[in-house]
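Following are the structures in question.
Common to both upcoming complexes is chain A, partnered first by chain B, then by chain C.
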Partner chain A sequence: MITPHNILRHELIGLKVEIVEAKNKAMIGIKGKVVDETRNTLVIEKEDGREVVIPKDIAVFLFQLKGCKVKVDGRLLIGRPEERLKKKIKILYPY
Partner chain B sequence: MKKFLEKKLKKIAYERIDILMSLAEEEAKKGNWDRAKRYVYLARRIAMKMRIRFPKKWKRRICKKCGTFLLYGRNARVRIKSKRYPHVVITCLECGAIYRIPMIREKKEKRRKKLEERLKAKSNSQTS
Partner chain C sequence: MRIDINRIEKEEDIKLLKELKWNGFVFYQYDDEFSKDRYEEVKAIAESYKLKVYSGVKIKTESSKQLRDKVKKFRNKCHIILIEGGVLKINRAAVELHDVDILSTPELGRKDSGIDHVLARLASNHRVAIELNFKTLLNKDGYERARTLLFFRNNLKLAKKFDVPVVISTDAENKYQIKNPYDLRAFLNTLVEPLYAKKIMETAYKICDFRDYLMRDNVVRYGVEIIKEEKE
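Coming up: the complex of A and B.
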């Protein structure tokens, strides 16, 4: 099952998602369900049925899992769906 | 460590394939064939990338020729044939591809079981 620990490698399609941060301010607040995915984008179907294509690297996503929510920086999700499984995860933030 | 990690990743891969195929089935029932096709494609790609066998549960639900999701009775036909050898025939109604699933093993198993029961009954009657 999908957990906060393996969400980076797991299936995103079918999950409920909300965009909480984005370089393009017009994207903030978009809410819906992930219906497709490519290397650099997520396709989200909004509540009213329309589909929007969101670039991964400019947004921060809040995914609704069973029993909890996970905020994920889109830059960590870059990669084709099948390649994300084997991807090395690099640290984005300096400490 | 490497083996452990690989096992974990394979498990995630199986889970993902299951999720994708379930979603493909839902979309197919709703009539979104393009999306169902896309999900099937993604599931197959994951299996290839991780070098795992496609789960038996879903193996016969996809058409290998045109990549579509087979919804029995809707875009696929299932028939039982006895000619030459007992088998199930699944036909994709979109591209005409045919898949045969032999049932020789099942048939032999059934026969053997029947024979065993008969022998048991005979030995019982002899004893009493």
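Coming up: the complex of A and C.
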């Protein structure tokens, strides 16, 4: 079961997602479903069916889980899904 | 935001902090005397003067193992963890831990500055701030004071080179030791360029704000935050 505590190591494909912050302001507000993932990007299918490729390290994502939403900094998601399982999660600092 | 690190408890002293334009302070206690009730009392007084108060604990030990045990013990009980330095192995153990926020007085009781290029790099990787303790400087005379200034300057050189966060504190215990933040800023201007001095003054608040954010119930870790959905 996917939870806020294990979402960083979990498969992201199939989750509903919204971009709430991004260095590229044009990306803010994009909603849809994750349909693919590479080491540095997420492919999101928007509600109108178009697919967009979003770099992970410049955005903050809001994932819809069962019962709650989780805001995740994209820098923590860098890595292929199978590699994230075994990687040590990086500790981020704002200063 | 200007945040000091001190042991101020009395109401008139807290009032003086407000008058001198501090925005808040870290009220720290030593690890063997830590009491949450004491912090709550100080917080209640300070909030009436609209000052932000963060709880802190300063760990004083000579064993690396004890240091790690105490850091683990106090991490979730207070906002800021300070380590009293001076022993080289303690200095090193402190900068190797992510859970340590500030290494206080690394030069205490030493004939060198307590920080070298190896420790500076470790501190940079683990974001452990180096503290410039103004009280230790003022309590020294003559050549000792000059040597302490040299230690500060050496530590600042390394900190700038390796991007180590630096904080400056008055470490005041009474109202006579409280300093105006502009005085500290002016002191820093004599050691480093003004822009870097400004950055140093802001570092304490950034650390406190970061740790305060991590203590929220809905924060799993920095970068992962639960936003609870309203049930229909």
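Here is the rule we go by: the second predicted complex is superposed on the first by the 93 of 95 C-alpha atoms of A that agree within 3 Å, B and C clash if a C-alpha of one lies under 4 Å from a C-alpha of the other, contacts with A are read in each partner's own complex, and residues count from 1 in each chain.
Throughout what follows, a contact is a pair of C-beta atoms (placed from the backbone, for glycine too) under 8 Å apart; a residue touches a chain by one contact, two chains touch by 3 or more.
None of these values were measured; they are calculated from a predicted model.
K.L.:
Putting chain B and chain C onto chain A via the overlay, clash or fit?
P.N.:
fit
K.L.:
Who does A:Cys68 touch here: chain B (first), chain C (second), both, or neither?
P.N.:
second
K.L.:
Thinking of the overlay built on chain A, is A:Glu83 touched by chain B (first), by chain C (second), by both, or by neither?
P.N.:
first
K.L.:
Kindly classify A:Val35 by the partners it touches after superposition: chain B alone (first), chain C alone (second), both, or neither?
P.N.:
first
K.L.:
Have a look at where A:Val53 lands relative to chain B and chain C in the superposition and call it first, second, both or neither.
P.N.:
Once the two structures are laid over each other on A, A:Val53 reaches no partner at all.
K.L.:
Using C-alpha centres only, what angle sits at chain A with arms pointing to chain B and chain C? Round to the nearest 10 degrees.
P.N.:
After fitting both complexes on chain A, the angle is 130 degrees.
K.L.:
Report for A:His10: first if it touches chain B alone, second if chain C alone, otherwise both or neither.
P.N.:
first
K.L.:
How far apart, in whole Å, are the nearest Cα atoms of chain B and chain C in the superposition?
P.N.:
Value for chain B versus chain C, nearest C-alpha atoms: 17 Å.
K.L.:
Which parts of chain A are touched by chain B and by chain C alike?
P.N.:
On chain A, the chain B and chain C contacts do not overlap at all.
K.L.:
For the complex, which residues does chain A have touching chain C?
P.N.:
Per the stated touch rule, the residues are 4-5, 7-8, 62, 67-73, 75-76, 89, 91-95.
K.L.:
What does chain A use to touch chain B in their complex?
P.N.:
Its residues touching chain B are 1-2, 6, 9-11, 13-14, 35-37, 80-83, 85-86.
K.L.:
Taking the complex as given, what residues does chain C use to touch chain A?
P.N.:
Residues of chain C touching chain A: 98, 127, 165, 203, 206-207, 209-210, 220-229.
K.L.:
Within their complex, state which residues of chain B touch chain A.
P.N.:
9, 12-13, 15-16, 19-20, 23, 35, 38-39, 42, 45-46, 48-50
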